[in-house]
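We call the chains A, B and C, going by the order they appear; numbering starts again at 1 in every chain.
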Amino acid sequence: MAKTNAGRFFEDYKLGDVIVHAVPRTVAEGERALYHALYPARHALYSSDEFARDCGLEGSPIDDLAAFHVVFGKTVPDVSLNAVANLGYAEGRWVKPVFPGDTLRSVSEVIGLKQNSNGKSGVVWVYTRGFNQMGEVVLEYVRWVMVRKKDLDAPAPDTVIPELRAAIPAEDLLIPEGLDFTQYDFEQSGEPHRWGDYEVGEKIDHVDGVTIEEAEHMMATRLWQNTAKVHFDATFRPDGQRLIYGGHVISMARALSFNGLANAQMIVGLNGGAHANPCFAGDTIKAWTEVLDKAETPAPGVGAIRLRLVATKGGEPFALKGEDGKYAPEVLLDIDYWALMPM
Amino acid sequence: MAKTNAGRFFEDYKLGDVIVHAVPRTVAEGERALYHALYPARHALYSSDEFARDCGLEGSPIDDLAAFHVVFGKTVPDVSLNAVANLGYAEGRWVKPVFPGDTLRSVSEVIGLKQNSNGKSGVVWVYTRGFNQMGEVVLEYVRWVMVRKKDLDAPAPDTVIPELRAAIPAEDLLIPEGLDFTQYDFEQSGEPHRWGDYEVGEKIDHVDGVTIEEAEHMMATRLWQNTAKVHFDATFRPDGQRLIYGGHVISMARALSFNGLANAQMIVGLNGGAHANPCFAGDTIKAWTEVLDKAETPAPGVGAIRLRLVATKGGEPFALKGEDGKYAPEVLLDIDYWALMPM
Amino acid sequence: MAKTNAGRFFEDYKLGDVIVHAVPRTVAEGERALYHALYPARHALYSSDEFARDCGLEGSPIDDLAAFHVVFGKTVPDVSLNAVANLGYAEGRWVKPVFPGDTLRSVSEVIGLKQNSNGKSGVVWVYTRGFNQMGEVVLEYVRWVMVRKKDLDAPAPDTVIPELRAAIPAEDLLIPEGLDFTQYDFEQSGEPHRWGDYEVGEKIDHVDGVTIEEAEHMMATRLWQNTAKVHFDATFRPDGQRLIYGGHVISMARALSFNGLANAQMIVGLNGGAHANPCFAGDTIKAWTEVLDKAETPAPGVGAIRLRLVATKGGEPFALKGEDGKYAPEVLLDIDYWALMPM
């Protein structure tokens, strides 16, 4: 088995390690079409070159979450092949839109380590950046995962827990060069609601639901070259179920949120996120959003809106946590992000 | 719920209303490849840039039905979200081929209204046009749907039923600029049969069958950004079944008709169509065609042929209607269209 | 039924017949993206334009197996529509990489015939070549199939069995023009193992597994315009199962072999292959490889490696044949190919 990748175990990570992830990937019109086939994505900026040009961009970018998934997928063989749990995300920023023809690659740095008290596993924090073919950063984020130890006798590393901000301050968000919403076409975007129409604390039930199929989540996950066994091999888990890649739920929920947030066009920040419960084929995903914050930006006509997006499988509208403070069993995802919206 | 789209009800339509549908869409090589993955499409003009150029076009267009689905999909949130039934199509014309890179948008006009005698619903006729990024019409058609009333006390509108022709006269069909079948390569197209080989009244059993999967019809329907709940949410209907978008059956039947009609290359007219019975995952779709009419065209080597295409799920070959004049239960689709064929 | 293609029967083939297969096909970025969605394909040369350029190519080619499937798919209506069994492949050579935008077509010559002793069927050998739009050969291979006779009284042809080499000698392999692995980036390719690290006789268990879905194999098979009924129509076989196109298993196994053979980048020869047992939806495919041979090539830094790739559905690692010399029931595929690897 010497030639195959068994993945890293907790004791294989050292603070400051820089991991250059493999398999660069050129993304193009094919990935864009597949994103539309896999998710009910309708945000106009990602659907129409004309609409994107009228907003000051060179053309319609690859969906921000597709860019995230490609960058993330590359890290899986090095970061989460032996992960027991994907614990969280923080300080995510989309730095530059990805356009068809761009080639992406990923690099991660180990920025935190903490062995669990049971001595059998530990938490690893990585700071990951995605680059395009010009060497420009397109995306950066921190995630942390719990990873098994292989050698239980390996000494525990010094505990280092990185200081992470609960949310990216609005003034640190990066607005794509040239973005201008002053000529924004609300008729073509699908909804009349603009930045000023949303209030902090407002909740929106996105109404629609999508029942998930095995073929779809596997195609999506493979498209991002995330090949973790657990998503593909029905014989791998004792229950015979394939665990759906958490990013599939993120993209599904975001696409469903079009209905009520059609003008929350570009994602620019990922403040945090939790995969509350596992998702399996046959689940019907619905989504709701709470407006957490709003801010102006220096770009013409462009406002920032901070949104909590929750995905559920059935259950009551606006389901979140029980009296015990734990996620209700029907909650799949709880994510906190910044989007850009016309003012 | 104020921010989400609840769709229009019967009383929301006024005669002469012009509805500009949202979310323009750029279609490209990705949509073309997906069309080939989702349907057994083999018509050479839509498969090969070389073949299309040899027929006088600039390259291989996006499949005519894919163009139809994109234009149609945009109308769903405004026209059929609360539709009880999709009643019919008429006077459809493909005006200009759609090429990779084109951006499509749709506009509809309300041209007919008739409240049902029960006072709970009514029929709405819309005339829809699809435009490309140059503002040129690429497609036009009339469809009518039965829509629920929300406010049962809303007054009935004056009844206006548009006069619709049973079929587009051949002389009104629009032939794509430059189309020339005088150098048509019958070896590469897949069949030797030309326009002169088909007789009015002739019936063709297309022999092949395809069993439908949930993942496929959902991917197809999403690709056209048709996000009507009923196609995606298994919890929406009391029977737990997802209703398959009628256009998926149209495309499947048309692709199956390659076997016997490989040279019926371009669709230029939609005279009428009925979704006779609902289609569900697990159904095996077969198709047969009857030649209804033939006509010459001014384009070199190009003949027009009017075809009735019927899709069934099992049953006898050539199944259509029972003694009571109603569609047999295995009939899914009965559509009447004009295609262009080498003479 | 006169207009539909019933396929050829054994008595329809004559030695020396040249069959020009129908429906040329332009392949582009869409096919590339779909290949990544359908298979866990990660070989860097087919994932990144940048990586491919650094290896001396003009850009990332369409996967070699995708090119094979397109060329093969065109032959199905003429060669294997009435085939009882796909018996073997030999002397396959990839002659020129296929790039997005290329249009492929196929031509076959009947090079062998042998009626079976039962008089009801016979074996047909065809030599197939795939061409691009410049008329250049991109791929050639021999395959032989067992085909039913329709007219049992048709006289048996003279038996001609072509002489086929057990393997392409390394010196007859064609190396893509410009290919140069001297600057090969092992960090980006995903594994450090180079040509010199593999030993003849070495076996590699590729570890990962993928459970197959109906929607996926049908999408893949349609994408190659292979429309043989048996893959699509659940009512066609008495057992109600759709037989999975053997090429789907080849592509799945090859993609799984990335884990251990990430640097076996380009496929240049197909020495032989057997579809040992049928594959159905629900099977979980795994793969293992044995190194059969190694050779140097004239291209800078480029070595050739001959690999036996075996796909199984469960069972013991390295499953192959039983004591009776027959394939174990869990073996799906046994294929013998040449790949190019950095030295």
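In this text, contacts are C-beta pairs under 8 Å (C-beta built on N, C-alpha and C of every residue); 3 or more make two chains touch, one makes a residue touch a chain.
Just so we're on the same page, UniProt names per chain: A, B, C = MaoC like domain protein.
Please read these numbers as outputs of a predicted model, since none were measured by experiment.
Participant: Give a one-word verdict, same or different, on whether chain A and chain B use largely identical residue numbers at their interface, taking over half shared as same.
Facilitator: Under half shared, hence different.
Participant: Roughly how big is the turn, in degrees to the nearest 5, that lines up chain B with chain C by CA atoms?
Facilitator: Here the rotation carrying chain B onto chain C measures out at 120 degrees.
Participant: Using mean CA coordinates as chain centres, what's the gap between chain A and chain B in Å?
Facilitator: Roughly 36 Å separates the two chain centres.
Participant: Going by the contact rule already set, what residues in chain B reach two or more other chains?
Facilitator: As it turns out, chain B has residues touching two or more other chains at 28-31, 33-34, 213-216.
Participant: If you look only at chain B, which of its residues touch chain A in the complex?
Facilitator: Listed in rising order, the residues are 1, 3-5, 20, 22-26, 28-31, 33-34, 77, 100-101, 103, 105, 133, 213-216, 218-220, 222-223, 225, 227, 229, 232-236, 242.
Participant: Where on chain B does chain C make contact in their complex?
Facilitator: Chain B residues touching chain C: 28-34, 36-42, 44, 47-51, 60, 187-191, 193, 197, 204-211, 213-216, 259-262, 282, 284, 314.
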